[in-house]
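Next, two complexes with chain A in common: one pairs it with chain B, the other with chain C.
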Partner chain A sequence: MADVRIDRVSRMFEPPVPAVAEVSLRVGDGEIVTVLGPSGSGKSTLLRLVAGLEKADAGDILIADRRVNDLEPGQRDVAMVFQSYALYPHMTVFENIASPLRVRGMAPEEIETRVRRTAERLGLAALLDRRPRALSGGEQQRTALARALVREPKAFLLDEPLSNLDAALRERTRRDIKTLFRQIGATALYVTHDQVEAMTLSDRIAVMKAGRIEQIGTPEEVYDRPATTFVAGFVGSPRMNLLPADVLTPGGGGTVGVRPEDVTICADGPLELEVALRESLGSRTLLTLRRGPLEITVLVTSRDAPSGTARVRIDPTRAHYFDADGKRRSA
Partner chain B sequence: MRHLYLLPAAILVFGILGLPLVLTVSRGSGHFAALFSDATLGSVALTTLAFAAVSVTLEMAIGLGFALLLQQTIRARGLFRAIALIPWALPTAVMAMSWRWIFNDVYGVANDMLLKVGLLHEPIAWLGRPGTAFFALVAADVWKTTPFVTIILLAGLQSVPRDLHEAMSVDGAGPVRRFFSLALPLLRPAMAVAVTFRMIQALGIFDLVWVLTGGGPADSTRTLAQYVYETLFRYLNLGYGAALTAAVVLGAFLLASGVGAAVRGKPVL
Partner chain C sequence: MRRLCLASGLAFLVVFSLGPFVWSFLTSLKGGRELFSIPPTYFPQSPSLEHYTGVFEQRPFARYIGNSLIVGAGSTLIALGAASLAAYALARLRIRFSGAFEKALLLLALVPPALLVIPLHDAARLTGLSNSRLALILIHAALNLPFAVWMLTAFFRGIPGELLEAARLDGLSRVQILRRIVLPLAAPGLAATAILVFIFSWNEFALALTLLTRDDVRTVPVGIAMLSGVTVYEVPWGQISAAVVMTTLPVVAAVILFQRWIVGGLTAGALKG
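And now, the complex of A and B:
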């Protein structure tokens, strides 16, 4: 494996609006870095730039200290897993997994060994003669993963590889991928819009918005110290409350962010609001409280959930403060 | 019972296609025996087969080339696609008249061009010699029906998701490798459709030959359809003509679906 460095890379589709603008990001050797962002944030374009499927208009992309900007996708020695899996419909599972090795002209015996070993590892050994059409979604996904693994590339690029799976399977596959990548010490750049996936899978997360990186950090850093209101609102479920700062400090400007679990309901709370909506999450209930334009969500244990009106208190030490531009205030 | 709603259509198809065929075959068994000793049938069948084989092969090859070109993202792609379809949109009789003038030995533009670039030293009577008349026929047919093949293959190429090409190129395959490992195998169903349709049409070719050469010179371009037509309507040999028609229809169907199945890589039925 090797490291991947993206240095002030830009890509314009319809100038002057950049799809990716001056993005810098390093994926260390053996590190899993997730690019997290909503659709249209440029995260897939960033991945395609590293793969060589898009050409950068500016900046450098380095894989194992070699500048690859001018190399064809096939010369970059990276493996990619597509959201659609991109399995070849006319080939069996075996041929699909063998394809990258055949393209490279590896000896048939070596291919046989490697494909069988990889298939074994991913629980595909019994399916090698099937065509993709005859596989379940999960099996197709694992075949796509096997086709990437079998190459033993310098880095893995994964473009929303789990988004076509149902919730239970997604959770299991997420763990399998993490275990697998840890075992082989894989360098991986992983694109997703699912913040739970990003939080659970990554060593570091890069949150993207409108072609720019808003924040890079470990999942804990991104969650505990969001750098912007965008990151604050995007990472974490249920979503962080972003309120006018004067709710907490009269006369203060900017925005204050507080997670629903950090708002407490108590009889002597300074704010009184009406319960507008109750959403049960099982052991806990998410309350939406309203007063005029002010809306606060609160996470409470289900048996404590009030109705009618409720008084709440926000712990100032658990709050996040942002200035008028949405940037975190140091402190 | 679930397919009962198909009954009216089935009766109609059997009534106008199946029944006449069955009656012809069952009542005209003597005529069918005569087919095997008909030397003219042998020679026109050979001409027709040669015409179908050569023209369909050329159309598939050139059509694939055009389809690959038209698939590229170029400026005014829609315009080029529309232009490429024009020959196919022309009525055969009209375009055959034009080709007759093109191959005219005195005034024809074919001779004129070939003489000017020095490929010919003297004009050729293209339609007056057996070998060149066959060639002229193939040229006109290829010109007219390549667009049909192009459009079908273009649709086939476009049905291959871009992801697949990208996956293979990330895995190290260049354009040539991707063409042979990906595009061509996935194009087989479309090629099978194109080749089946074209074989059926080429084996039944009539209008182009009728206008361009009339089957001449010396019957060298006489095709099955023309032979059937003449047997029935010129010599009014209705019984034998009916048997001939049935044999040609069945033969063309079997051959076309056989070739189609071979191209597709699995049986059609």
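And now, the complex of A and C:
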């Protein structure tokens, strides 16, 4: 494995609007970095730039300290797992997994050994003669993963690899991927719009918006100290409340952010609002409280969920403060 | 009521289209005297295969078929080979002016081949290819190229782009992607295109007539037209009909066999516009 460095890379599709604008990011050797962002944020384009499927208009891409901007995708020694899996429908599972090895002119016995070993590892050993059409979604996903693994590439690129799986399978596969990547010390750049995936899977998260990286940090850093109101609103579920700052400190400008679990309902709370919506999450209930234009969501244990009106208190030490332009206020 | 209208309309169309062929078929089975009997019989009274054996024994019909097969297969191979390269580029590579190129191809396909008969005849003479099957192979291939490119482009566009990207990451070159991924996946499209191109060549008359004047290189349509009786006044209808039936049936069989893909090919990409 090796590290991947993206240095001030830009890509325009329809100038002057950049799909990716001066993005710098380093994926260390054996590190899993997630690029998290909504659709249209440029995260997939960033991945395709590293893969070589897009050409960078500016900046450098280095894999194992070698500039790869002008190399074809096949020469970059990176493997990619596509959202659609992109399995070759006319080939068997074996042939699919063997494809990158065959191209490299590896000896048939060696191919056989490596394909079988990889298939064994991913529980595909019994399916090697099937065609992709005859596989379940999960099996197709693992075949796509096997085709990437078998190459022992310098880095893995994954483009929303779990988004076509149902919820239960997605959770299990997520854990499997993490375990597997840890075992082999994989360097991985992982693109997703699912913040739970990003939080659980990565060593570091890069949150993207409109072609730029808003924040890079460990999952804890991104969750505990969001750098912008965008990150604050995107990471964490249920979503963080972003309120005008004068709710907490009269006369203050900018925005104050507070997570629904950090709002408490108590009889002497300074804010009184009406309960507009109750959404049960089982042991907990999400309340939407409203007064005029002000809307606050609160997470409470279901036993304590009030109805009618409620008084709430926001713990100022648990709140996040942002300037008018959305940047986190230092302190 | 609407179904009845539709059914009778369709029935009329089928009868109208099949009429000449059925008549040829019936004629081909009639004996020598019955052919010219007045009033004419519709169904052969004593069906015989004498005309079928006749075209092979008294005429070089086998040779015509051989020539047609050579010209058809040759032009189909060349047209498909060139067209798949062009179609791959049009469908999958980002090339400047590819849109204009595609439209120009369609325009080319609209040029009536009859216009080209004389210039092509001259060209063949100048290049020393008169009376050469190669000339006809090249010309049929060229005439079919726009159509073949257009049709294959539609098929190639139907292949998901991520498959080709996965192949690029696997390390396949452009040519390997075409050979190992695109062509196998577009096999039905290739078959459909091949059949249509082959049929064009198989049926083409005007160029074959002017370019190939020696009897030993003639193709089937020209051969049939040149079948003559012992005297100028005698037309060997029986043998002509037998020859027509024998040249039509394989084509019809092929189309029926591949019709699902032919229709798919002509309408592929139609929805994406």
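In the analysis below, the second predicted complex is superposed on the first by the 331 of 331 C-alpha atoms of A that agree within 3 Å, B and C clash if a C-alpha of one lies under 4 Å from a C-alpha of the other, contacts with A are read in each partner's own complex, and residues count from 1 in each chain.
In the analysis below, contacts are C-beta pairs under 8 Å (C-beta built on N, C-alpha and C of every residue); 3 or more make two chains touch, one makes a residue touch a chain.
Remember, predicted model here, so these are calculated numbers, not experimental data.
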- [ ] Overlay done on chain A, so just call it for chain B and chain C: clash or fit.
- [x] clash
- [ ] Please indicate which partner A:Val78 is in contact with in the superposed arrangement: first for chain B, second for chain C, both, or neither.
- [x] both
Open item on the list: Per the contact definition in the header, classify A:His90: touching chain B only (first), chain C only (second), both, or neither.
Closed with: both
TODO: Scan A:Gly211 for contacts with chain B and chain C and give back first, second, both or neither.
DONE: neither
Open item on the list: By the touch definition at the top of the document, which applies to A:Pro18: first (chain B), second (chain C), both, or neither?
Closed with: neither
- [ ] Could you tell me if A:Gly236 is touching chain B, chain C, both of them or neither one (first, second, both, neither)?
- [x] neither
TODO: With the two complexes superposed on chain A, say which partner A:Gly37 touches: chain B (first), chain C (second), both, or neither.
DONE: neither
Task: Footprint overlap on chain A, where chain B in one structure and chain C in the other make contact - done: 51-53, 72-75, 78-80, 82, 84, 86, 88-90, 99-100, 103-104, 147
- [ ] Could you please specify the touching residues of chain A with respect to chain B in the complex?
- [x] 51-53, 72-76, 78-80, 82, 84, 86, 88-90, 99-100, 103-104, 147, 151
Open item on the list: Can you tell me which positions in chain A touch chain C when the two form their complex?
Closed with: 51-53, 72-75, 78-80, 82-84, 86-90, 99-100, 103-104, 147
Task: Touching residues on chain B, where the partner in the complex is chain A - done: 161, 163-164, 166-174, 177, 181-182, 185-186
Task: chain C residues touching chain A - in the complex, by the definition given at the top - done: 160, 162-163, 165-173, 176, 181, 184-185
